[in-house]
Amino acid sequence: MRYSMRGVAILLGSAMAAGLLTGCASSGAEEGGGELRILANITPVLTKQYYENLVQPWVAQNKGVKVTIEVPSAEDVQATLQQELASGDVPDIVASNLDPVVAPQLLAFPEEDWVLDTPLVQENKVGGKIWQVATGAQIQSLVFYNKKAFADAGIDGPPASLEEFTQDLKALKKAGYLPLQTAGEWVTGAQFAMLANPQLLGSGDFYAQRNAGTATFAASPYKNYLDAYAGWIADGLVDRDALGLKYQDSIDGFTSGKAATYVIGNWIVPSIDEAAPSFDVGVFAAPSLDGRPAGQLGGPAQPYSILQASKHKDLALSLVKYLVSDKTAVTASLASEGNFRQEHPYKGSPLNQQVAAIHDAAPRLVLGTSGPTIPGGFGDELNKQVQALYVGTAPAKAAAALDSWWDLNAG
Amino acid sequence: MTARLLRGVVLVVLAAVMAAPLYLLATNAFKSQDDIVGSPFGVPADGFTLDNIVRAATSADFNVLGAYGTTALLVAAVNVLSILVTGPAAYAIARGTRRGHRLVLLVLLMGLFIPSQAIVIPVIYVLRTIGLMGTVPGLVLFQTALTIPTTVFLFTAFVQSIPRELDKAARIDGASRMGTFWRIIFPLMRPAVATAVVLNSVSVWSDFVNPRIILGPGSGVYTVTTGVFAAVSKYSTDFTIVYSNMLLAVAPALVFYVLLQKRIIGGLTSGAVKG
Amino acid sequence: MPASNTRAGAAGAAPATRRVRGARLDLLTDTVMIAPALALVTLFVLVPIAIAVYLSLTNWDGFTIPPSWVGTRNYERLVQDPEVLRAAGFTAVIAVVGTIACNALGLGIAVLLNRSNRVTTVMRVLVFSPYVIGPVILGFLWASILGSNGAVNALLTGFGVERLPFLADPVWATATTVVVIIWASFGVNVVLYLAGLQTIDASLLEAAVIDGAGPWQTFWRVKLPVLAPTVTLNVVLAAIGLLRVYELVLALTAGGPAGATQTSVFTILTTSFSRSQLGYGAAQSVVLMIAIIAMTVVVTQLRRRGEQAVAA
């Protein structure tokens, strides 16, 4: 085969030229002048644009400071931060919930009023240190439902117990609806924790007992909920192929009216309102085993942390203080996801107010799948085991797998 | 006759299987979400639209031009550096007679068996120590090191096929060994160089883990792969974003490939056989 | 010895020293020529391997300095970690099935395309195109084609057929992933086999035809034996490439559903970064590196025997 060096030369030459033309444009921002980098949790609602708008008034007040919003380059904020810590090139601020494993790398917030006034500030200390401050609080053990579907199925009121919930799902199926909307990705396990955690952590700190070896998942309320979930799959009350769906698909599935119920945190309220479904949407607290109110999986909403390695700690503190205490900033943040904070009322939609009522009535808030006593990656593992139910893994086996995972990863 | 028929059928099926995804990519980038979901293979009744592609090209999430610039710069720099460093080494090894030469060759080939993703965390520490973490030069050095095994493999095999008499003649004329290599031997190595350039260019262009971790989000520098990942992964159900961003990301590379296909595939088939 | 050498020694003294000096000079220039490449490989391959081995014996979290020593605990843990074992199993399936399929397809299609005309040119371009597009974009592209709302399922629904859970069901998803990986990889093998086929001496083939051999016999008796080294190269390259699959899986399934499509590299990276267990991740890396080297040694040894058998 004949050919010349020209091919190689053309290849390299044009690549070089393209590099020269645009390469300079991509070399990073200038050092100095005060630049704050925020590594932010990006969702369909919390977009890059959202954060840019949120910090804009503070930037206008602090001339010469540039604020950059960084989108996670790895799967999520936690993994990205871990990479950045390893590389030594860290952001100044993190705008996301984090696993407490990184708490030693984060600045201790001063015990000043603006810090102590933030929601759940005492509950979220690690080793007595305030390592993150939240804008609001959120609750997640919520079941949103299609009121028209409930009427079609002849259901007169929201279920209180898991047993009643299952009966209602069966009635909804008869009425021609997909009874419960689920999805793949992280959604499957998250929904399970939303349903089951209030019961799991209802009578004492299960996670601490699990660490001490005095409790197992196999003999915990998780087992009951895994049994129920396996029954829903067997009876076709969830879509057997749901694991192929993305988070956004599940939102669309519910707002389009195909699915009758949807388990998700309160942050979904603005998305539902914006989708303006053709039916009335109601919401009830996740059903408990015995039908009595069991609490809510809940926690800090839109929290901020500052890296100890930040070169502009004062600026970072000033910006975070603005974000969690300025009236406009806090209200915008609360409204974006329908979160809560005392003495910060905002005009919410009717659905917002229903959720607020559940929030106010909840006997307690309980942890999700990450916390100071929980091994990192537990949420992933739970997700995997709940998804395994879809291929027919027995609930007892899934619960046992959680126990052996815990033993392998704790300590 | 049946053999010809069979061959024809196989080729048609193969062409369909290989081309269908490209067809979907090329057409769906110009269709609305409803048209993509409703009839992914069809032509929309109300025609194609440029809206998605314009939105993707101007979106703040993915600076296509910047990403292409970075990637092109990486490809060029890694290729040049790789040839500069590996050429003389391969020549010295191919002409060497000592046991040390074989040992060095083995060491240089080591990287062939090491998945770069498995050593990227330690590499972070090497780059931190020499102050190049989070920088494009740091990434270029690492990627160059990753190209050395294949390149040295191709080059030594090729040099061994060049008669030693040529070197001797050059030395009698008073040329140094380095001079002999660059002036006499290197120009003869076109096929091997072409193969190496194609392989190394593709591996740098499609590299994802290394730029993602070594450049990180803090540098603000994206390659095409890390850029398109950031732009697409969060919105994977919105096909108007997915298809248009992907088309933008691959179109220049594909055009380049089709224009130069003779040299690219020819380069691969002619340089790879020695060895 | 000295006596017999005196004459020659007197005459050859000058050239001999020149030769010795020349050899030393050669060694020096050799060192200069090899040093840059060796330095890069040392810095970015050898030293990192050493660091990985060291980290694998610690429980490093990515920031606590110095990492605390745990001995072989990470290795003891990974042999009983269902997630690691499952990922290793899936990776092995990808490597074995993929290597066989890529080579069978690669060789078969190379034979079909081993002539020059417009059709074969277009086909070569098509077959090699996935390699140019790269695994990240291919992953996203196939996800949008095979997803629950993807193109193929839209087509099926259009025909009134029920959707297929290509990526939704763990068993389906593993099969889909393997097929997509093969689709994306075999083009390189086609090109390499084409290269090998072009080295076959035309006179050999003519001789076979004169002896009355049909196309099948020519292929098995003449072409394949000549191609033996090319087959070895293709098998080793395909297997090495498949053992490190990650990007395509990340974009196609993100390791799901139910973790069914996690590969070894996938668990290495999630263990290290999503769970802050960089020491444990390093132990998994070390095992993967050893597996790849072992695989290469075994395959080359087996092939060497195979090549000799064919030659005999």
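Note that the chains are named A, B and C in the order they appear, and that numbering of residues resets to 1 at the start of each chain.
Rule of thumb we're sticking to: contacts are C-beta pairs under 8 Å (C-beta built on N, C-alpha and C of every residue); 3 or more make two chains touch, one makes a residue touch a chain.
Keep in mind it's a predicted model, so treat the numbers as computed, not measured.
When every chain is reduced to the mean of its CA atoms, the largest separation from chain C belongs to A.
Counted by C-beta pairs in contact, the busier of A-B and A-C is A-B.
Between the CA-based centres of chain B and chain C the separation comes to 15 Å, rounded to the whole angstrom. Rounded to whole angstrom, the centroid-to-centroid distance between chain A and chain B, based on C-alpha atoms, equals 37 Å.
Per-chain Cα centroids separate chain A from chain C by 38 Å. Counting partner chains per residue, chain A shows two or more touched chains at residues 1, 74, 80, 83, 86, 249. In chain C, the positions touching at least two other chains are 149, 198, 272, 278. Across the assembly, chain B contributes 121, 236-237, 262, 264, 269-270 as residues in contact with two or more other chains. The residues of chain B lying in touch with chain C in their complex are 3, 7, 10-11, 14-15, 17-19, 21-22, 24-25, 28, 36-41, 84-86, 88-89, 91-93, 96, 101, 104, 107-108, 110-119, 121-123, 125-126, 130, 141-142, 144-146, 148, 152, 176-178, 181, 202, 205-206, 208-209, 225, 228-229, 232-233, 236-237, 239, 242-243, 246, 249-250, 253-254, 257-258, 261-262, 264-265, 268-270, 272-273, 275. Looking at the complex, you find that chain C touches chain A at residues 61-64, 77, 80-83, 147-149, 163, 165-171, 198, 254, 256-259, 270-278. Of all residues in chain A, only 1, 74-76, 78-80, 82-83, 85-86, 99, 101-102, 104-105, 184-185, 240-245, 249, 375-377, 380-381, 384-385, 387-388, 390-391, 401, 404-405, 408-409 touch chain C in the complex they form. Residues of chain B touching chain A in their complex: 60-61, 63, 65-70, 72-77, 79-80, 121, 124, 128, 133-134, 136, 187, 190, 193-194, 197, 201, 212-214, 216-222, 226, 230, 234-238, 256, 260, 262-264, 266-267, 269-270.
Residues of chain A touching chain B in their complex: 1, 3-5, 7-8, 10-12, 14-16, 18-23, 25-29, 37, 39, 42-44, 48-49, 68, 70-74, 80, 83-84, 86-91, 246, 248-249, 252.
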